[in-house]
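You will see two complexes here that share chain A, one where it goes with chain B and one where it goes with chain C.
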Partner chain A sequence: MSLNQMTAHQLHQLMVNKEVSAEEITTAVYKRIDAVEEKVKSFITLTKEQALETARNVDKQIAAGEKLSPLAGIPVAVKDNICITGVSTTCASKMLADYVPPFDATVIEKLNAVGAVMVGKTNMDEFAMGSSTETSTMHTTYNPWDTDRVPGGSSGGSAAAVAADQCIVALGTDTGGSIRQPAAFCGVVGIKPTYGAVSRYGAVPYASSLDQIGPLTKDVTDGALMLNAICGHDHRDSTSAQYDVPDYTKYLENNVQGLKIGIPKEYMAAGLGANVRQVIEGAVATLANLGAEVEEVSLPHIKYALPAYYLIATAEASSNLARFDGVGFGYRDTDADDILQMFIKSRSEGFGEEVKRRIMLGTYALSAGFYDAYYLKALKVRTLIKQDFDQVFEKYDLILSPTTPTPAFKVGENIDDPIKMYLQDIFTSSVNLAGVPSICLPCGFVDGLPVGMQLIGKPFGEGTMLRAAYTFEQNTEFHRQRPAL
Partner chain B sequence: MISKKDVEHVALLARLELSEEQKDIYTKQLNDILEHASALQELDTENVPPTAHVLPIENVFREDKVGDHLPNDKATAIAPDSEGNFIKVPKIL
Partner chain C sequence: MTKWEAVIGLEVHVELKTNTKIFCNCSTEFGGDPNTHVCPVCLGLPGTLPVLNKKVVEYAVKAGLALNCEIASYSKFDRKNYYYPDLPKNYQVSQFDLPIAKGGYLDIEVGGETKRIGIHHMHMEEDAGKLVHQGTIMASPYTLVDYNRGGMPLVEIVSEPDMRSAEEARAYVEKLRSVIQYTGVSDCKMQEGSLRCDANVSVRPVGTTKLGTKTEIKNMNSFKALQRAVEYEIERQIEVLEDGGKIVQETRTWDEAKGITISMRSKEEAQDYRYFPDPDLVPVVIDEQWVKELRDGLPELPDSRKARYVEQYSLPAYDASVLTAIKEMSDFFEEVLDYFPQPKVVSNWIMGDLSGLLNANQQELTDSPITAKQFAELLKLIDQGTISGKIAKTVLEEMVATGKEPATIVKEKGLVQISDEGELTKIIEEIIANNPKSVEDYRNGKTAAIGFLVGQTMKATKGKANPGLVNKLLKEKLQ
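After this line comes the complex of A and B, so read on.
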């Protein structure tokens, strides 16, 4: 196994034993990027010089006999909507094509502090709006398992980079499934933490009450290590939660005895492909055989989650994206005579089709006369959905569901049909509405394509979620299979 | 039902300029999406409070004193057009 194929915890051990240097690991990752990037196109920007410099600093620490933190010297790919000082942050949009932030996002500060190595910025749907990474105005990213197919979205570049071994771990953002859906399509582990568990400071906002930064990794242990590094309160994010961050690796226990897992009957009903259903049923049986108590449950309002999600997300997007006016930063049209025309032309030329579609939908849902019927209604339905989760979690520790209705679809297949594309988020968006955490992990294959299972936890119940995911992983081989690129 | 005129009005509110073709496409697509969203009307939500935010949100205060902020030169360096400590825009008055 080459270095770039390994997990962070394996590489950490090798570095601690002085069997390999951080520089060798980073070099192995860039060699892999050189070899396969043309086929996968995961990245928008590479930061090789800085990465090698960080790696060499970690090697100095090793030589000096200093204690290494678990992510020191580990190559991380970062979704291109998370700010790194001096590194272009485009959000895969013409609007921010030339934007170089003068500050680090909190998650980047935290990863820098532990000596992680940022290898580059990954491709995404423009402003994180999409489910296939096809709305990127930079280029399309391809699924490493089948390059005729999409990697999912909007963190498709990060998921593809992990699956293609172009990095060891990655950061993504998840507003309605944007970490978990690409994780499912690319056969990697993706975690959407509890809302507020990770600071959003320095992540370009899409829908602020739903967005959350989280990791994409090759296994559950690396997911726990990443949560350890990035979780915690941040005074710069007013929505950041004050809570005691546990050591998540303490939950990595090969034991689900006594865990009560609910399977929502609504999620296993219409809309789920028969072949995906079979894989999920197999995963449920595996957990039951390992000692989990599995029962059918009901989330009666779940079928309303997707329309509620799209109304709330687009309303917040229309407000958040009002900041892109061509004045302080970002793209500016230079031909306009007056300032209103400058605003209009800058936004019209700078934003792509999907972003405009969502701004239009959100502006409509918030406009006079329609606010009560659409936006307020969606917020009330959000309450009912949250209550559904609360009720199930009174009796159960976790909820298990498919992550996506189908495996990865073909490039171009859904791009002209917004509703078909939006349906990709049918099993994931409710989790963001309720603010609860969720992990996606590989649980089988359909026609050679990975299928993901979603485990949903109680608020700040990441530990229990990790325990069940770890147990499943330790007793199956799905996460060990790699795409042949 | 959203009309092309509604789309034009919303585009103005959103500070977007749309081509005739885009107006036609968005009129159809927004209608399709809102038809999908009309399922929400099936639910009686009269006595349900809205949830704008899942966590209890409180005002976050800090001491009223000058702290670190982005230096002017860094702020103006990322602007599309600037001069000295100022960001330049077309005349407003």
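After this line comes the complex of A and C, so read on.
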């Protein structure tokens, strides 16, 4: 096994034992990037020099006999909507093609503090709007399992980079499933933490009340290590929760005895591909055999989750993206005759089709006369969905569901059919509306393509979620399979 | 008697005097080179998030309490979406349906009558930046943006349409400023824009209750401008209506130089701000106990201070309201009394000569070097007969200019009053000899003629003669 194929916890052990240096790991990762990037196209920007410098600093620490943080010297790929000082942050948009932020996102500060190595910025759907990474203005990313297929989205570049061993771990953002859906398509572990568990400071917002930064990793243990590093209150984010962050590795226990898991019947109904259903049922059986108590539950309002999600997300997006007007930063049309034309032209030329579609949807949903019928109604639905989850969680520790209705689809297959594309988020968006945490992990294959299972936890119940995921992983081999690139 | 009645409502923006901006740690200091008091947050750089400054809430609550408002235990911030180049995010973080304070009032006095003006609500919001044009806005080849002001904390105080004249509008804003200044949450300097006011004006036939079409007037930089602008607008609207025209709902700007209001933009199609709760900020939940503490900590406000002056110092109501209108003035008055406990004398000198002098120099009391103790010393010098009232005016002028002790000025300039009868008698005899006509007039019963002779005596002594003594001696000599 080459270094870049390993997990963070394996590499940490090697570094602690002085069997390998951080620089060697980083070099291995860039070697892999050189080898497969042409086929996968996970990255927008690479930061090799800085990465090697960080790695060398970690090696100095090792040489000095300092205690090593679990993520020190570990190569991390960062979704291109998370700000790193001095590194371009494009959001895969022409609008921000030349934008270089003067500050670090809080998650970057935290990862820097533990000596993690930033290898580069990954491709994504433009402004995180999409489910296939095809709306990126930069280029399309391909699924490492089948390069005719999409990696999912919007954190498709991060998921593909982890799956293709171009990095060890990655950061993504999840607004309606944007970490979990690509994790499912690429056969990696993706975690959407509880809303407020991870600071959003420095993540270019799509929909503020739904967005959450989370990790994409090769296994559950690395997911726990990443949560340890990035969770916690941040005084720069008002929506950041004040809570005691536990050591999530403490939950990595091979035991689901007595865990009560609910399977929402609405999610297993028609609409779910038969082959995916089969895989999920197999996973449920595995957990049951390991001692979990599995029962069917109901989330009666879940059928309204997707429309409510698309109303709330686009409404917030229409406002969040208003700052891209050609005045302060980003793309500006220079031919306009007056200020209004400059706004209009800059935005018409700077944004892609999907972004414009969502801005218009959101503007409409918030406009006078429609606010009550759409936005306000969606907020009410959101409350009902939250109550559905609360109710189930009174009796159950976790909810299990498929992550996506199908495995990865082909490039171009859905791009001209927005509604079909939006249906990709059908099992994931309710989690963001409710603000609860959820993990996606590989649970089987259909025609050689990975299938993901989603475990949803109580608010700040990441620990229980990790425990169940870890147990499943320890008793199955799906996460060990690598794509043949 | 006019057959038209004006209906006026005011929206007053007050900048709060916190050290840092409403959602970031940038300085709120006035001035500074363009774009030096800015950071990624107040520039609205993508990925930045606002964090509410608790001091802003504290100041807003204080202002709300002083304006007799009810403080909301639960309020929230909303986004007001509109495009403007001085608005970094193209939405303004403001409060919409759940403002921090509601339902207050202010009592104003116009023409000796007290009138209560309702306050609909007060909300918190961030200020926008400033556009700098080269020359006029229309001819400027480019526009520069200064974001130093972006993110400054504001409260907007929205009155009920309870005012009926420009005079009332002015009295309301003056009273508002006075009350807010007392609380110490803002310095309310109109010239620096820390108090800005927009007026909504409409007219209707006397006796009707339906509101006429209103216009909104902006850009009034002084109380005088506010009064003139509203007066002008009322007249303009009446004229349009009497000529059979219609008032267009629009925003108008006050042109100070021309003394007219000019149409800025039509508001026929109402702007759709697409307000919605700001998802980056959590609701503002205010503890009752905290409100109580802030209420208990409020200083004595102008109305009760005024009442106390009438009661405690037996001052006329007019004096009491002038003295208490500005907190610094009022504080100064009370401090002077500590050294010189003659309220009416102190009041006369503050309201008269001191205020006149400061106004002439366009100075605030706080800008002048004069201390309460020095001022009291001056009054003592008059009281003791060391200097005359007239000389005192000269001394005061010097004090305001230099901050010197009054006794020092009197000594340096040789201004000590002449109260020596022998010295004065000599001078008076000379005056009598030189002015036979006036002497004769006086002796023929024109008693007023003595005034001229007193004047001549004062002139001869450069104002230093003790006027009482001069009068007495003159009368004796003329017998």
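Everything that follows uses one rule, which is that the second predicted complex is superposed on the first by the 485 of 485 C-alpha atoms of A that agree within 3 Å, B and C clash if a C-alpha of one lies under 4 Å from a C-alpha of the other, contacts with A are read in each partner's own complex, and residues count from 1 in each chain.
Note that a contact is a pair of C-beta atoms (placed from the backbone, for glycine too) under 8 Å apart; a residue touches a chain by one contact, two chains touch by 3 or more.
Model, not experiment: these values are computed from the prediction.
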item	value
Which superposed partner A:315 touches (first chain B, second chain C, both, neither)	second
Which of chain B and chain C A:361 touches, first, second, both or neither	first
Touched partner set for A:96, first chain B, second chain C, both or neither	second
Touching partner for A:83 - first (chain B), second (chain C), both, neither	second
Chain B versus chain C as contact partner of A:278, first or second or both or neither	neither
Chain A residues touched by each partner, larger count belonging to chain B or chain C	B
Which of chain B and chain C A:205 touches, first, second, both or neither	second
Common interface residues of chain A - those touching chain B in one complex and chain C in the other	99, 101-103, 209, 235, 238-239, 318, 322, 325, 327-329, 339, 343, 363, 367
Residue ranges of chain A in contact with chain B within the complex	99-103, 195-196, 209, 235, 238-239, 241, 301, 303-304, 307-308, 310-311, 318, 322, 325-332, 334, 336-345, 347-348, 351, 353, 356-357, 359-361, 363-364, 367, 373-374, 376-384, 386, 418-419, 422, 433-435, 459
Touching residues on chain A, where the partner in the complex is chain C	81-83, 89, 91, 96, 99, 101-103, 105, 200-205, 207-209, 235-239, 315-316, 318-319, 322-325, 327-329, 339, 343, 363, 366-368, 371, 375
Chain A contact footprint on chain B (complex, rising order)	2, 6-7, 10-11, 13-18, 22, 26, 29-30, 32-34, 36-37, 39-41, 43, 45, 48-55, 57, 60, 62, 70, 74-75, 77-81, 87, 89-92
In the complex with chain A, residue positions of chain C that touch it	40, 43-52, 79, 81, 83, 85, 88-91, 143, 145, 270, 272, 274-276, 279-282
